[in-house]
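Quick one: structure below, then a few questions.
Naming follows writing order (A, B and C), and every chain is counted from residue 1.
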Amino acid sequence: MSDFAQTLITAIAIGSLYALIALGYTMVYGILKFINFAHSDIVVLGAWGSYSLSVRVLPALGYGLKEVPPVWVALMILLLAMIFCGAIGFTIERLAYRPLRRAPRLNVLITAIGVSLLLQNVGQLSFVFGASPQDMPPLLSDRALATFSFGEGESARQLVIGMVDVVIFTTATSLMLIMQYLVFRTKLGVAMRAVSFNTDTAALMGIPVDRVVSFTFVLGSMLAAAAGFLIVMKYPSISQPAHTIWVLLGLKAFVAAVIGGIGNVRGAVLGGFVIAFVEQFGAFYVSSNYRDVYVFTLLILILLVKPSGLLGSTLREKV
Amino acid sequence: MKSSTEGLAAKSGLIAGGAASGPEALLDVREIGISFGGLKAVQKFSLRLPRAGLYGLIGPNGAGKTTVFNLLTGVYQPDSGEIQLGSQRLGQGKPHEITAAGIARTFQNIRLFPSLSVLDNVRLAGQLHNRHGLLSTVIRSRGYRREEELLRQRSLELLQIFELQDRADELASNLSYGHQRKLEIIRALATNPKVLLLDEPAAGLNPQEKFALAESIRQIRDRFQVAVLLIEHDMPLVMKICERITVLEYGITISEGTPANVQNDPRVIAAYLGAGLEDA
Amino acid sequence: MMRGTSSVGSDAAAVAKSEAAEVAVKGNGWTGLIPIAIGILIALVLHFSLPAPQRSYNTQILQIIGIVIVLAVSLNIVNGMTGQFSIGHAGFMAVGGYTAASITYYGSMLLWGSTVKHGGFLGSGDWLFLGSCLAGGLVAAIAGYVVGLPSLRLRGDYLAIVTLGFGEIIRVVLQQTGPLIEDIEALQSVGLKQLVPPPLGGSLGFSGIPKYTNLFWVYSILAITLVVAYRLKSSSAGRSMISVREDEIAAQAMGVNIARQKVTAFVVAAFFAGVAGGLFAHSTGTVSPKDAGFQQSFDYVIMTVLGGRGSISGVTLAAVFLTVLPELLRDFEQYRLIVYALLLIIMMLVRPQGLLGIHEVWEMFNRRRRKAETSGSDVSPAEVGS
């Protein structure tokens, strides 16, 4: 029972991270109809950016790298990382994707793979982040907020609700709620949805398509940065930028977006949690060695049964 | 071929108890329909197209004409109704199976293979009846070479009939618009169809080209003994060459008959002039 | 049925004649094998003309180049000709490599009591090795069939993710395999327990594979791959594949079974990737799970994109270039993938069809000449209805 509950808590925390990243994929796909392969590398930038900022800012403010600074420092680093990644996202769209707005989708996909490779390997260079893993200084104390005990003697277990899990869940949820508000309640959101529905018509209606696309990229990148920051809060040892772990993380988030129905904002959130649950419970009850296999198997199954995803709608190609 | 048609006609005469009921239908479409998310795009569409008939399908924009073509060629599966070609039921076939059965089409928005040559566009359509497998291709067996050579000759002959043989090696995308439309028809013919569906073949052509097109559609019908169903917005052209015309509006057949009858049908006039049906 | 064969109208008389008269084709049933025989002869010459130390650096590089070309050219059948987008090609290679390695490794152990190379040139060991490569190709082809199936329902980018996921699944599964059984005594007393999971070396990789691969085998198989790829491309089968790439809806309307074309492309490509995997395993003596990863697959994707999607000679040149370049620049490794990435981005901006597009090197000259001849004739409007 306590094991189940503990897995549940992890799944919720991880699920909100996947959802956060999946939103970036789904927004770009909704508007430009291509997989932004480089999105996972923005998450990496967010993680490594948070690290670089921390090791520079903390000593400057007079805090040691081992002690936990006040909450506002963590918030500031989160914000700076988001702004940094937003700027990178803007630049990538402007330089690599915008010239291909009318090109076949495959070309854009190949470009996205190129951008992804570029970010990974530039990040690995010794004068950028380097090619070895680092340890993130603790910005939050991971103390137990609540502890429950179950059973007695041999089978005694404890259920711990940790600070970091709660922070991840609340930060991710509030960011997603802000997103929801932006997309469904503001003029900008209407413009985004209009561009997503039909770019040409939106342009004819006087919607500044380029600006909307830029904004989408900035927004998605900022969410990715937040996800990167939250990940290093939970798992403080950061793998090097080109490590498979990052690519797999991004892929799973993308799978979440596809499973939920790509292009659908709510679907991305749903997909994020579905993936996390399958992965965490599969890892716990079957074997943790195959956790990636569960996710991809689920993806293939869902695509074969309902290619448009759980909440997606099918589009017919006009003949 | 002629005698067999006569035989069939005679047979149908026997059954129907009189020869007046018209020629035996080659393509027999019975009350097909499809709806997209509640919108009834086509309802109860029926058509009896005889061997070597030349029929027209007209109607205002969005009336469901191309949807009918898509239903006939298996791009969409009809929700209801039946399609029969000769003695063969087609209803739920995949597009390539329907092409193999003998229905070929052209597209309203030209869909040639732009980076294949003109000859290869025709060859691609003609290979439908090839019998050699992948292994013979790889080892270039005699059977493979014979079939490929035959295919090449046939395709060149087809191009020659339509006077495009000089452009055989050019990329399809380098042809002029009029030639591209022509190549679409040649390509459809190369599949060796019994029924040819032409989707707005005159769109974008100038008056002289349209005139030539009308002639060549007739010639195609006579020469290849193929039944033609034509979607077209150019009324004079339709009225001139079609033997019978079906008029669609909002997915419903509002009139069917000879050009003269259709032309004078008040419902057709209303549909085209935009007056309400109540007034007609 | 009368219509089973074509009849072309009032010119039908002429056509009917050509139909009745057998179409003349030159040569007999063996003619088709001549190019392959020539290729194998070249491989033989290459094998014996190079100086003795077979394990020398240059020989090793030449082997790798040949293997990489096989991989890139076979991937090009899926990505270039059929217009699907597979980024899991290394997965097929790993499947083939592991299959072939386990056959020669455990096979030699059972047959000859040890895993060292057995027999001389074209000796019994060589034939076991050849058989193992073919088996690797077949197992990879089965995997290709399975991976190709989703392509029936998924387009472009979705399919890319599935193939990528496939490569990753292969990698993870290979990591979970058991340790190798090191000698014949252990093998003979092996219980079911050591066979589940199969003893393929786990995350350390499969090592100690007898190094049977030599220039003769690599370049013979390369010759076969090139001939097969070119024959596919220039045949009805290849045109069907290309039509799928160009316009699926029109292809179907012309009677092309697009599902079959896609799956065929995957199966053929996977087969050659599997054979190449066998060559690779017996060239370096090791295969490891990371060989199935997508970083490896990207290399071949880059070669097909750079060389021209659909161009066999273009992809061959790109494969040679991108394999030799890092060897020439010693300190290049750190920057290699950065250069590749920039190449991809710039190619898509400047020349998305690749250096040669769909054409072959020799066609480029013809085309230019023809263009010069026909320029001045009526030029078509570029924009054609949409």
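General remarks:
Throughout what follows, a residue touches a chain if its C-beta (ideal position, glycine included) is under 8 Å from a C-beta of that chain, and two chains touch if they have at least 3 such contacts.
Small disclaimer: the values here were computed from a predicted structure and weren't measured.
This structure's chain pair with the greatest number of C-beta contacts is B-C. Chain centres were defined as the mean of their Cα atoms; on that basis the chain farthest from chain A turns out to be B. As a whole-number value, the distance joining the C-alpha centres of chain B and chain C reads 40 Å.
Measuring from the averaged C-alpha position of chain A to that of chain C gives a distance of 35 Å. Remark: chain A and chain B have CA centroids separated by 51 Å (rounded to whole angstrom). The set of chain C residues that touch two or more partner chains comprises 249. For chain A, the set of residues touching two or more other chains reads 319. For chain B, the set of residues touching two or more other chains reads 75, 107.
On chain B, the positions that touch chain C within their shared complex are 1, 4, 73-75, 94-96, 99-100, 102, 104-105, 107, 109-116, 120, 123-130, 134, 137-142, 144-151, 153-154, 157-158, 161, 169-170, 173-177, 179-180, 187-188, 191-192, 194, 203-204, 222-225. Those residues of chain C that touch chain B in the complex are listed here as 2-11, 14-15, 18-19, 22-25, 27-29, 31-33, 228, 231-232, 235-237, 239-240, 242-243, 246-247, 249-258, 264, 268, 357-358, 370, 374, 378, 380-381, 384-386.
Residues 34-35, 96, 99-100, 103-111, 113-118, 120-122, 124-126, 242, 244, 247-248, 251, 254-255, 258, 289-290, 292-293, 296-297, 299-300, 303-304, 307, 317, 319 of chain A are the ones touching chain C in the complex.
Against chain A, the residues of chain C that register as touching in their complex are 83, 85, 87, 150, 153-154, 156-158, 160-162, 164-166, 168-169, 172-173, 175-176, 249, 293-295, 298, 301, 305, 334-335, 337-338, 340-345, 347-349, 352.
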